[in-house]
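In what comes next, chain A is part of two complexes: it sits with chain B in the first one and with chain C in the second one.
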Partner chain A sequence: MAGESRGVRAFSCAQCGAPVKVRAAGVSMSAVCPSCKSVVDVNDPNHKVLSAFQGAWKKTIPLGLRGRFEGVSFELLAFLVRAPEGDGDESAFQWEEYLLFHPLKGYRWLVQAQGHWSWVTPTKRQPQLGARAATLDDRRFRLFHKGKAKVLYAEGELYWRVRAGESVDVDDYVAPPLMLSREAIGTSEVTWSRGAYMAREAVAAALNLDLAALPRPLGVAPHQPSPYGDRPRRLLRLAALLALALFVLQVGSCVRHVGGQELLSDGGVHRQGDVEPHFTPEFTLQDAGPLTIRLSVDILDNSWFEVGVVLIDVDKGTQRAFELGVESYHGIEDGEAWQEGSKAKSRILPHVPAGRYKLAVTPSSGLTGGGPTGYVVAVASGGVLWGNFWLALVALLLYPGWVWLQNRSFEGQRWAESMYGGDG
Partner chain B sequence: MVKDLAYLIYGLVVLGMAACGEIRGVHPVATWLDGDVWDPEGNRPTAAGVWHK
Partner chain C sequence: MVVRHDKSLEALGKVSEEPNDLTALQLGTEGRFEGRPFRIVGRVRWRWEDGYWNEWCLHFASGSGGSSERYGWLGEAQGLFCLSFPLVTPGPLPRASDVQAGKPYQVGGQRFVADDVKVAEAIYCEGELPSVTPVGERKTAVDLADADANYASIEYPTRGEPSASLGRYVEADELQLTNTRTLDGW
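What follows is the complex of A and B.
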């Protein structure tokens, strides 16, 4: 087509004589001979050879292919392989960069690293730099990587005079799904680009390629959007609202149950050697619900006092037994007076059916050689229990907590690859 | 959004169960923790106030 052939130029390689085709003539500065891999100066009248690449790399996408990005058709002009410099083993981590061109839009890069794709647009705006962060368009990017990258291999035509082994300083900042990259040669030549994470499926669709032709993604890319999106935050907000409603419900229940009616207050005296139980008068519980039993002792001096209590349903004969104990100790240590324990203690029985009851109380104590101990056992209807509140709260937080943990694990994988961790 | 809605419905069911539990005086956790107070072994009092084996 006439539009496609416009700007296309061909010449013979000065090194091997093979034909070299330049699709963006007038814009491209260098081209790599497809036969001998020599880098040729496109604008030089003699097509001077600048350098040469060795070997051959298998491309994921063939050059010359057209793909639809940003609503227009871009043509793939060049293919580069780059790797971190100074890491020793260059084959350990390499990435592919495809240079695309559109006469009106200019240049773009399609970058593939570990099966993850990015659509990279050069930006002339200078981001604001902070401590381990950069801000562009009110979006804060966190520093992910700082290092050097060198060109291992190139094919096609490029807008600069590419050399084998040329290296640049690279700083990558991320704000998923975006990445901001700064590339600098010394301090004089600095370029910024903005990369957007592209799903493998979107790349295949844009280039009209079979999805199986593209490598499967490995691990988590620095700017890969979390599959959980902002769901953890949304769910936690929802859980907070539900927990608030639950708390209000619990407060309502507390108001209802606190200050229940006193049903019994019965005192007794315990002497050393007493083993017989004391039976209290009967009392009636009108409505089923919690029952609070309180034991209090007047005098307790460095000792303990305990009662075995049996709640007896007078009409049905059923029983419920439990123990209630108090202890109180005090002393002086290093000139400081201390005291611990209490002379009163309560126990709430969670669900007692309505009915007539009495208590069988069997005291025992740690008093030795002392006089009789007076005690009071009081019974009141009601009692505040928090079991349902905590149970419901755990039930409410289970799913949001699980999603939050999954997301945190994903972010952990992302930042495990960074030299700056995830603490920013 | 469907999962959010499903969670909201689940949350409301949990709230409803907690409310019912409070109204009816059913406290499964407290009852479970208190479970050992039923049917004591050894000496038992009778409803008539007699202590016997």
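What follows is the complex of A and C.
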């Protein structure tokens, strides 16, 4: 017979006589009297009193509500307050647990800690345990916390005979947004459950509650998904791909432009006071491309040497001017010899059209009263610019790096709460 | 279908009235398991120190596969379901006194972890059952599972040899149950 009242039972509290209603008879084992908070044995003919809770806790969600989760209607059967055992201040870390039931889906827990919600499903699957980790469905969960949890308070009906103050060993493993919890009572029962972080908005929607009725989350929950999601990883992967592409282009450029041939090597001697430009012989650049101009000097003693260079297209008359300087200093400081600078310097002009060219070279020197300075200006086709490559690389990594750092700081906050914190 | 109450149960005179337990299953509920249709033909309800569970006896229509088991069991505990078939030759089993929750054991050549060890008493029987389970009979029941939600159980009766069964945890959805009990609001 399909009964309206299937599973529903009511009786009087053996302690105070107030009515106690049970909604999941045959499944629930104990119920808390709403009036005197005595825990009564639902299945005992005399409804024996097993224990009693003290005081009253304010619930975030009223019992008896039904909410839609996993596409079906679950009924809220019980409310528990639990806290870590052993810590002096129990009120500081206590959390709320709501027990929900569906006849064909079984039990679920809706857990609220520091304003963070989890939807917890008991699982019979046995995770594989490793060192400070548990693996389930190819997902690795890191050990976050090991401790004892104690029942401070309960209301409603439960599938076991709850006792005030009873405690179980709890190990929590996390792989945000999931948490895997192992609860053990001695050696007779080990239960695993899988919790999924649930946004406060989703909880309010499922239970048709006003969002303002739910507390605002504080801090970072052990399995709270990072607000950056997998963006740091995706961005870094993208940046790595782009960097690789950039590198390939650069290597391509190297292959094409390195190992060009020398087109000119022309020397000169500069004397103090010379201001006239020196014109080099003409040279021909067969194919358009980069051009490397190199200045070198033989002797440079604590001085600098600079040339103003004008690249002149002999046929078209176009000109391109730039400067090229070298400097070299050395000395002894605190008994140690030092040297800096170099006696040669190159300049790469990235795009030079094919044509006939010559250079007008105007040297100037830091040597005062010294002798003449011999110098060589050499021109070669080819040349690879690295500056742009490095700049592009840095630009490429800037944003992913920033996101990665932000995410790292979030993860730092998460693991600061764990006794197994740190990298791993 | 004719429901045959077991004579020996009636003889014991202990068949209690049907419990008012919140379950969606009943005699006559039909479903499918891995493509094979079954019908619930019986149930044994067990009580342990801190709760109850139902063992629903499933009768499978004899299919083309001659070796297929005709009876299976659907365990129902707090909305968790496991479907298993008795092992005809269970092979070596651990001693009841050695079994501990959290430890690994071999059942039917497969490796499992025991997660539940309970002493239980049959408190109610109904329908057609492949073997006699008198109300008041006691057993030590061990539930085992592995990472893939495969399920095994070992049962140690107060007298006689232990038996074992193999199966897996199932979702009620996948059994495509029909003719279930109508429950208020669900």
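In the analysis below, the second predicted complex is superposed on the first by the 279 of 424 C-alpha atoms of A that agree within 3 Å, B and C clash if a C-alpha of one lies under 4 Å from a C-alpha of the other, contacts with A are read in each partner's own complex, and residues count from 1 in each chain.
The definition used in the following text is that a contact is a pair of C-beta atoms (placed from the backbone, for glycine too) under 8 Å apart; a residue touches a chain by one contact, two chains touch by 3 or more.
Remember, predicted model here, so these are calculated numbers, not experimental data.
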item: Partner chain in contact with A:Val8 - chain B first, chain C second, else both or neither; value: second
item: Touching partner for A:Asn302 - first (chain B), second (chain C), both, neither; value: neither
item: Chain B versus chain C as contact partner of A:Arg161, first or second or both or neither; value: second
item: Chain B versus chain C as contact partner of A:Pro277, first or second or both or neither; value: first
item: Chain C-contacting residues of chain A that also contact chain B; value: none
item: Touching residues on chain C, where the partner in the complex is chain A; value: 19-24, 50-52, 78-80, 82, 100-102, 112-113, 115-118, 143, 145-149, 151, 169, 172-173, 177, 180-186
item: Chain C contact footprint on chain A (complex, rising order); value: 2-9, 23-27, 29, 43, 66, 72-73, 75, 101-107, 122-128, 135-136, 159-161, 184, 187-192
item: Interfacial residue positions of chain B with respect to chain A in the complex; value: 3-4, 7-8, 10-12, 14-15, 17-19, 21-22, 25-31, 33-34, 37-40, 44-47, 49, 51
item: Residues of chain A defined as touching chain B within the complex; value: 231, 234-235, 238-239, 242, 245-246, 249-250, 252-253, 256, 276-277, 279, 288-290, 310, 312-315, 317, 319-322, 348-351, 358, 360, 385, 387-392, 395-396, 399-400
